[in-house]
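A, B, C, D and E are the chain letters, set down in written order, and residue numbers restart from 1 in every chain.
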């Protein structure tokens, strides 16, 4: 029989306001196995833990039940506390009477009753707990960063600088990501490529970093410290070792002039050849053949690039290659894109080339962009005089079909940036910004926005635009209302810039599934804890960096990238990881050797061996299941598949769960 | 002699049920088993053998013995008057045992065949000898057995080898003997209990002057049939008291047990098997302790923590038949623990049965 | 906990209109889109605030409640699914109910038609009464 | 009459099996967002919905539960890759069998609920409680011995 | 039958096998028992006729552990069970010599009893090769029944006359199927929930927990059943008219779902005549409906539906209420 101590936490008033803590203590005192029960204001506090330790020593407790917040919050704390007092940490169970009781119920009597039941279930479970010992698994000292934008670059550099090897997998031909498309950055207005390019070069040259560009993650298996990742290196059709990056092939590609292949990098504002580098500073500076559009691949004729390449680097025969690499940690830095604007017919984005998105405006204002940095309308190449910016296009929408429910966070700032940059170059431009709210929390952010208003006289109007109507004269009629002045506005504009909502890169869903990392309704990766573990995924060994986790600007991205790197470094610095002791275990006397469990094990942790058994005196050789505890992650799939009950899960055993059911139903 | 036409049996049942609980063969979902008769239930005395025997009447398959509840002794009570001590006194809990009430109302077991009536004697030897089983005893005291003659014995029957007369229940230790002949039930009280019962329900009967001659004819007809049955000549030579060593060590067991599945069909349909297990069922605040039939054919029969029960099916198989044909007779003046009802002959999934065992030993002498 | 009178009213409007005035973030897209803007003494985006404040009487007495053409532009474009047009409609229903169920029957619509009535009113009338 | 009026409202007993990674976290989120649901729901934490053995579900019914709900990660999001896929098949067959045996539909449910879906968790539990309440006490599956 | 006996004797004589598993003549004309045959004289009692319904594949679990090969007589439907046992590594194929025996449907003596036939002295017309009616010679006179009327229910939904695994086949088989396999299940599905509940309650309340259904089942081959063990605190011996028997029968069927070949042994052996196959067959039907047709034991390589999945499997909520 266990000697169980029950500790009920008030959590200030968080629990005590709705749960009669004293009453819980009185009622659970009588449960089988309980020898001690008490309450305390904050069980997780130093003093609270001290109380637990004292009780363990004084009453010789063999098991603890803590009635407090979610075990996801403090189970670790209390386990460590038990360990301090010499008790096996797995003799602790937490009854969640805060998140699953006091916080959701109002009626005190009802909440108290429920708290008692939850405590009873935990007590019943502890009665069946057995001391468990953590195992150890080795750590592969290499990290994988998925995504080569600023988030991935920064994470990789930080990890590499700490002395660990890092691989970056980028699906585009070059690293650089969205930031490489930007012209200037807020709130300092410094040139994006001026700060990004050096980092890209550094990545390329860093001895600890391996780049897999034009590559994708194909398959992930394993677990923290020991991931096996298949990376598909798509055929570039250009020999990496031979290519000098001279660019001759791109210049000579016949499709460069006559083809109609929109440049992804320039958001379709200009065309590119079939063999191309996305942009001049691309890293690696090796072109790639777009096989879908290339005449040679379509018809077998042409071959101009291969002929003119001075170093004979073009290789049409190249095949996709799959490499399998072992990693200890994986960082997801898959970044973002902007939403599709098809749903917003009222803004005429698909109707008029002069209605553009902000990211297109970045390209239009960039000296290396399609217009050489000269702001012009795509319809008639004239410089726009009146420019209207529309904020929150697709952000802050109520329903899925309208757009995204969240604030995209960066639009207010980049719009102010755009307005000022335009005014700087072309001071006689009239700029109107229609906004719902101007949101500028951040260092020097509001000052930046005020500068746009006060210094540059950008006209900010509160009121969402209702409609943009292309006019026969080529201008755009913008219909809006000034809510503060109470007027309806119908104004003509030469160009309309839409601050389209951002969304996580659509590829992230597939990657999250492979990694078994969870994602939220908006496809942003979920962090292990919103406040306390913001750069970790709930899945051990998976870390989050950049926009993949949520909207953020460049400085935030860079800080998060660094934070993720630190977490990775912390992991890789260990030679061994403690493994979860809650693993499956096979009772060899009950095992039939039927292999059903092995068929459902996602980790290949179950093997079969012929072993000599002594079944109450009956000695024979039997084929029985054996669990490799280093591989087993404790999901328990095998236990429900096993018909005889031979396979059981430590810490969540069949009898433990059954007894919890019984306790709840009592 | 009392008689009642078969069409009016329901009024007989009603009359009995008016004063007693009536336990009798009832047809439900296509099968006939003993159960308590209530208005609307389909009493069935034509089916020769109920699937389970009627032993449930005295030794139910599941029977609650008592319940145990935990009572809380509050700290202050546990500590007595010493209030200061109370704070440090651990709370105690006390177990409270609540026995179930023993059966105290008379009930009637109607339609028991002579073999099953003999089986009651077999069980009496177990449950009514020291130590007496109170649960069984109370039922025996309050149960009134109405035996029914077999009309058409079947090929699986072999009661005659145990000197049971299927045709004449008045020879059996029943309280009332009955026959069904040509659409009429004839009723003959034997014991005082039987008389008392008869007195209470006499109004439903009519008198039949030819009863005695009809019954005599029926008895001789059935006895004639019984002689023709394939196992009528089965010999029990070599079995019985004192044969333990000889039979236990026999090599024949190894040959006969192999088909055995280790299910409990034979034991559960058997009128004489009386092994049981006692288990606890946890309820809301305590446990219910109940006993239920167990089968020596089960691998977990008498299993204890050390695991030292019978390990192989051979051992279990041997145990069942040794018990019936050797151990029991040894302890009970040669009485066999089998009444030849033939239920196991009919129901064994693998067609193994006591007859085959007896024959196998005879062949391998 | 019992609901205040105000909350009950808002619940009623929610029920009638199927839209939730609390969702409004005052972006003004409805007002921007409103073709009857100049006629509306209470602008579409203000309907939500009026309801939340409980100024039902002002709404009921307003011109706006009757000037809305029911063109559904605001309903179509509202990013928050507040759909002010439905709130306007609910206001009208409240008035209609106050008048004792004096509903307009679809058959009566043609009789009420005059040449001056805008086409859109006709269309919206049909849309509404078909429900 | 007055007896009937005073008769207490039927409160179902609901056992919820929640996987540790998604649904239990979703329940926590519902809690920290103060999104209430009836106290009738009692959660049992399991590592994965694939851990839920049909025996547990039947056990809960035996012991007097009026409804059992299993919550796991969305298909494709299982922390252990595939556990919920197996659970999905198991539960589909089990639920169909219970229906076949004449047990009211609606006493069992499987819901996929992510760690981010506190609102969904709360909504699901509210709905499920309502449903089970409308079905009344579970008399077809419970063991009479547990009622004492 | 003589051909079969000769062949078995030959196999033992030439050392191919050490023993054979077949049926031994019973003491009644209808109760042959599964038995081992080793010596030539053992075969004097060998029988193979219409009453040899037992599925011998489960006996191979133990037999295959013995020294030397064992010949086993399997009817076409039994071979499915054998395949399933191979898939689950419960028998060693190498130690088995499978003789596919012919089958023209197996007989159920209960059918005769139900027809009022009793006091049977001898039976003719049940030979494996014959056709025509079955004649009973009883102490109450001679009775006749058509062979098909005497057949086990399972034979009316025969899986076919082909053996799916064998070393050799002796004798002709006949597909005796003349009913729809899922007819009974569909009939129940069409009842109201109340009717369904009442139906199963009345059937299951007959259960005496003798475990014959479990112990005979070739798929229920656990060394120790969960209902005998303590792993779930589920050790059950009580026979109370409440939940336990429902739980037992649901779990019994659930544990063999996707593995049950629908051999029908459970219903054959139930002393109370409970149609236990209705549980198994419901799972089979659901598996077919939800995940595509699957016959356990047909292909020992095939993944069982319950250890398999597709990304867009049916949601549990759509698995119920389909009839509504």
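Everything that follows uses one rule, which is that contacts are C-beta pairs under 8 Å (C-beta built on N, C-alpha and C of every residue); 3 or more make two chains touch, one makes a residue touch a chain.
What you see is a predicted model, and the numbers here were worked out from it, not measured in a lab.
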item	value
Reaching chain C from chain A through chains that touch each other, fewest steps	1
Identifier of the chain whose CA centre is least distant from the whole-structure CA centre	D
Chain of greatest Cα-centre distance to chain C	B
Result of counting contacting C-beta pairs for B-E and B-D, higher pair	B-E
Centroid distance [mean C-alpha coordinates] between chain E and chain A, Å	54
Whole-Å gap separating chain D and chain E, where each centre is the average of the chain's CA atoms	37
Euclidean distance of C-alpha centroids - chain C vs chain E, Å	71
Separation of mean Cα positions, chain C and chain B [Å, integer]	81
Numbers and ranges of chain A residues touching at least 2 other chains	600, 641, 654, 658, 662, 666
For chain C, residues that touch 2 or more chains besides their own	none
Residues of chain B whose C-beta touches two or more other chains	281, 284
All touching chain pairs, where touch follows the definition stated at the start	A-B, A-C, A-D, A-E, B-D, B-E, D-E
Complex contact set, residues of chain D against chain B	145-148
Chain D-facing residues of chain B, complex	67, 281, 283-284, 288
Chain C residues within the chain A interface of the complex	23, 25-34, 37-38, 43, 45, 73, 76-82
Interface residues, chain A side, partner chain C - complex	346, 392, 396-399, 402-403, 436, 462-467, 479-481, 483, 486, 488-489
In the complex, chain E residues that touch chain B	26-28, 31-36, 54, 59, 118-121, 138-140, 202-203, 205-206, 208-212, 214-216, 224, 228, 235, 237-240, 265, 268-269, 271-273
